[in-house]
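Below are two complexes that have chain A in common, paired first with chain B and then with chain C.
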Partner chain A sequence: MSGSHAHALHYHGHSPVHHLPAEIKLVGLLVFVLSVVSTRPTAIWAFSGYALILMIALGLSEVPARFFITRMAIDLPFVLFALLIPFVGVEPKIAIGPFAISEPGLLSAWNILVKATLGAGASVMLAATTEVPDLLRGLQRLKVPVVLVAIASFMIRYLDVVAGEFRRTRVAMAARGHNPRTVFDAKPLAVAGGALFIRSYERGERVHQAMLARGYDGTWPSSGNERIAAKTWIVGLTPALFAVIVAIAARLL
Partner chain B sequence: MIGLKVTDLSFHYPDRTQALNGINFQIEPGERVGLLGPNGAGKTTLLLHLNGLLRAAEGTIQVGDLTLSDEVLSEVRRMVGFVFQDPDDQLFMATVAEDVAFGPANFGFGQAEVDRRVESALAAVGESDLAPRAPHHLSGGERRKVAIATVLSTDSALLVLDEPTSNLDPAGRRELVNLLASLPATLLVVSHDLPFVLELCPRSLIIDQGRIVADGETRQLMLDRELLAKHRLELPYGFDPANIADR
Partner chain C sequence: MHMPDGYINLATSAGAAVVAAGGVAISLRNSGKELAERQVPLAGLTAAYVFAVQMLNFPIAAGTSGHLLGGALAAILLGPTLGALVVTVVVVMQALLFADGGVSALGLNVLNMALVTAVVGWLVFRWLMKVLPARTSSAVVSSMVAAAVSVVASATAFVIEYSLGGQGGVAVRTVLQAMVGVHALIGLGEGLITALTVGTVLAVRPDLVKGAADLPLVTDRTAPSRATTVTFVVGGLVAALVLVFVLAPIASSAPDGLEKVALDMGFSEAATDHPVGGPLADYGVSGVDSERAGTVLAGTIGVAATFAIGLAIATLLRRRRAT
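Let's turn to the complex of A and B:
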């Protein structure tokens, strides 16, 4: 879908990964993440395998490393949490310099760190190579209940609208001298949030009227169902297939 | 093209506010009619009745040769295209193409026919390039035109527009006049923008406190300063309807 303004997470491109149907990428992501989380943390070589798969996919997608790494910032809270665990973990502890580090804690830290990073990396890849409308259509073709897809679609559609309204309210408050410094100054913000909720609710009613006016009768019109060739599925799921092989090998070895 | 006949329409909101009070008027097929009136006069309430979004306590609405009732609701909604005041309320799908397809898909057309309708509706408003775009990234004028395309795609023969010029810049407003004048449809346009109504609609109705208080040639109504003042309607400073040539 060229020509559309993209989301901040999206990198416009024409690579084979971009052109892959969204449902294949969704299934691939799910299989990859399940393989990663089902691997025991001590199988360090397996995680190198997963990272390699991800890096090859990244290379094929032509998404610049810099773009990818900056979007990986979403992983930071997990990293910080993981780094904390060895210091608060249980016995036995080992002494490293002045610190007593928990051994099981160290292992859990590694476990969280590597799995969260690989999962976030794969998700960032999906977001970078797939436009939002395609993702929604992919979910619909994967037979995710249409009501859920519709809710997700409305959320994406109106997030900007509602955020824009809140921004304007904030500016209007600042223009009349509101300058929140402490938690006690938060009341006007909370009131504005409440007003925004009511406005959004009323907007919801107007949108519903607009839907009724165009013949909405409670069932969502289904989008076209182009058949995807078996070959495309197989090629598209190759990285996920390798991940499954790595996961099985890690279990057996 | 189809006509519209409203007979003895009355409506009050649940809090007993009388919004419409015995409305009677008729629009011939192909006519373009302005609906003027101060804030709170009942303009939008009247529009919401025309495709059954609000149901009156009394009175009948005849669209083409159908009298509005539960049995023909879907058919009437297909014939009456409603363009809402805020395009953000009307454009709710992820892309313009999907939004324009929403009506035809609901009315049960096949995929190929839906695609054809999307294409021709967007071409009619001159915005074919917008098909893959997200509605919230469009300009005000583009949004308005796409909102009109969403009702053209269902072959609506009677278009009902609520404040179509609000939030448009002068160029967008000009394009809108040209577009609406070129459509082969009956139009009922609510607006506070009197020059816009004068240019587009040869005939106008004035509604105040739930009643039609005037019905006539737009220019004659606008020349009647007393009538305008009585119903809180005002021409822009320096604007004289007597000096404006017919379209």
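Let's turn to the complex of A and C:
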């Protein structure tokens, strides 16, 4: 892979979380998020527990809190949407000032807000501490079909190339006075998009021919299949295990 | 449209994940050997393309903008199986690398944004291509309608999931109206961009449009796409009216069914009607008896009014820019 291995959400580091094999982080992320989602919204203490687990993991990962919080901005549209729910929600309503606030709507808003935020936080943790090649290898070891992993790896590899090409096209269009305001101005953009598709596809054809020239026969070289020690799994899944304990406790109490 | 964690309960999310995995498995098997050997780099680059195009925000009306989902576009260009796979990869990678969309909602997001859009987009496109005369312009109009319908279908899939496992708080009918209403607009933008993209590709490399493989090839490659603004305005109106005639009657009867589900599950109160009656209250026209005809009439009036207002705004903006 040419250029940097990094992507938008990645934070370069050498912490224990960074060095954890990607498949353990993927499983841990899934278990953590499923625990969060299965918790009833009224168990507020449980969500504090999840947040604490996430914060301890953040501390171990040496990712600066400021970096972490700004990367969670992806959550923002849903925060805004969730804030809307109490106003359009169902009966019974309670009066707060001049507004009639739906009580189930309020609960639902809290439910979405807290779960979406914790989920996004956990996802940002994975993205921040895992490099793309490791993530793809992890997916492959978790038995994701090799074809999907291969498509994903080509996508990541050429994403910057294609996006850069598109950016340059738009700069060129802007330099020639294109300034889209209404839907009627979308035509040049879409035509540029069509041209971009043809270029991407033809690049794919060239890449394939280059691969054939280097002996590609439709099979993928298998990456090293070193076994991961059981101890690493257990240590790596500890945060997820704590999340499961919190989820079970929230269900029983 | 990327759903975060917590919107839909665990059981429904898990069900959607199973359905999505099944759909991906079927696509993988159908794409078979050809994909493994030849098309992997092509699929990867198309995925990069869809990813890049999703960053393209297009203006819908003054102030608001939407971005392309790309499911119908990928299906028309690559065929439904490969198209669905490509958008699936895009959605999964957005969740894992960019925290866009929740991990527990991954099945839902793949189902709504990749499988439903690709399959519905492809079916509508192929059906229209059969009905319309075999010409390049038909492919352009068909892809516009197919993309618009695919977006509304995706929004409808969300509403069904919400009615099954939503966390409650908002009546299903309210969600249905909001989602389908907003996405009818977004669908028009998606349709416009998809049609223009397909038109451009057809003009330069018609062999790359899988959905139009049976079209006679255009021999004169230097001829530009003959689609003008007028064609697209007319195409957009046709797409909107198709939505009104085909989807509106379904939508007007669907809330009862969905609400029944919601009531059975015990989290829905009846939605209250708008306090102001208005001549188009409840999407019917006073004085028209048949509910279906009334809905369609109301929808048509709505489309006409929206079109007129949109045209007026566009003309005003254009004039202001000219001065």
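Following the convention adopted for this analysis, the second predicted complex is superposed on the first by the 248 of 253 C-alpha atoms of A that agree within 3 Å, B and C clash if a C-alpha of one lies under 4 Å from a C-alpha of the other, contacts with A are read in each partner's own complex, and residues count from 1 in each chain.
In this section, a contact is a pair of C-beta atoms (placed from the backbone, for glycine too) under 8 Å apart; a residue touches a chain by one contact, two chains touch by 3 or more.
If you're wondering where the values come from, they're calculated on a predicted model, not measured in any experiment.
Student: Is the arrangement of chain B and chain C around the shared chain A a clash or a fit after superposition?
Tutor: After superposition on chain A, chain B vs chain C: fit, no clash.
Student: Which of the two partners, first being chain B and second being chain C, lies in contact with A:156: first, second, both, or neither?
Tutor: both
Student: Could you let me know whether more residues of chain A are touched by chain B or by chain C?
Tutor: Here the partner covering more residues of chain A is C.
Student: When the two structures are overlaid on chain A, which partner does A:169 contact: first (chain B), second (chain C), both, or neither?
Tutor: In the superposition, A:169 contacts neither chain B nor chain C.
Student: Put chain A at the vertex: what angle do the Cα centres of chain B and chain C make there, to the nearest 10 degrees?
Tutor: 90
Student: May I ask you to decide whether A:41 touches chain B, chain C, both, or neither, giving the answer as first, second, both or neither?
Tutor: It touches chain C, and chain B stays clear.
Student: For A:132, select first, second, both or neither according to whether it touches chain B, chain C, the two together, or no partner.
Tutor: both
Student: Looking at the overlay, does A:196 come into contact with chain B only (first), chain C only (second), both, or neither?
Tutor: After superposing on A, A:196 lies in contact with chain C but is clear of chain B.
Student: Touching A:140, do we find chain B (first), chain C (second), both, or neither?
Tutor: neither
Student: One more residue to check, A:214. First (chain B), second (chain C), both or neither?
Tutor: first
Student: After the superposition, pull out the minimum Cα separation from chain B to chain C in whole angstrom, please.
Tutor: 8
Student: Can you list the residues of chain A that touch chain B in one structure and chain C in the other?
Tutor: Touching chain B and chain C on chain A: residues 132, 153-154, 156-158, 161, 203, 207, 211, 217.
Student: Where on chain B does chain A make contact in their complex?
Tutor: 48, 51, 53, 74, 77-78, 80, 82, 84, 86, 88-90, 92-95, 98, 101-103, 105-107, 111, 129, 132-137, 150-151, 154
Student: Flag every residue of chain A that touches chain C in the complex, lowest number first.
Tutor: Contacts found on chain A: 7-9, 26, 29-30, 33-34, 36-38, 41, 71-72, 74-75, 78, 85-86, 88-91, 102, 104-109, 111-116, 118-120, 122-124, 126-127, 132, 135, 145, 147-148, 150-159, 161-163, 166, 180-187, 189-191, 193-198, 200-201, 203-205, 207-208, 211, 217-218.
Student: Chain B touches which residues of chain A in the complex?
Tutor: Checking each residue of chain A against chain B gives 1-5, 132-133, 136, 153-154, 156-158, 160-161, 203, 206-207, 209-217, 221-224.
Student: If you look only at chain C, which of its residues touch chain A in the complex?
Tutor: Listed in rising order, the residues are 4-7, 9-10, 13, 24, 28, 31, 33, 35-38, 40-49, 51-53, 55-56, 58-62, 77, 85-86, 88-90, 92-93, 95-100, 102-104, 167-171, 174, 178, 188-189, 192-193, 195-201, 204-205, 208, 225, 229, 232, 267-269, 271, 310, 313-314, 317-318, 321.
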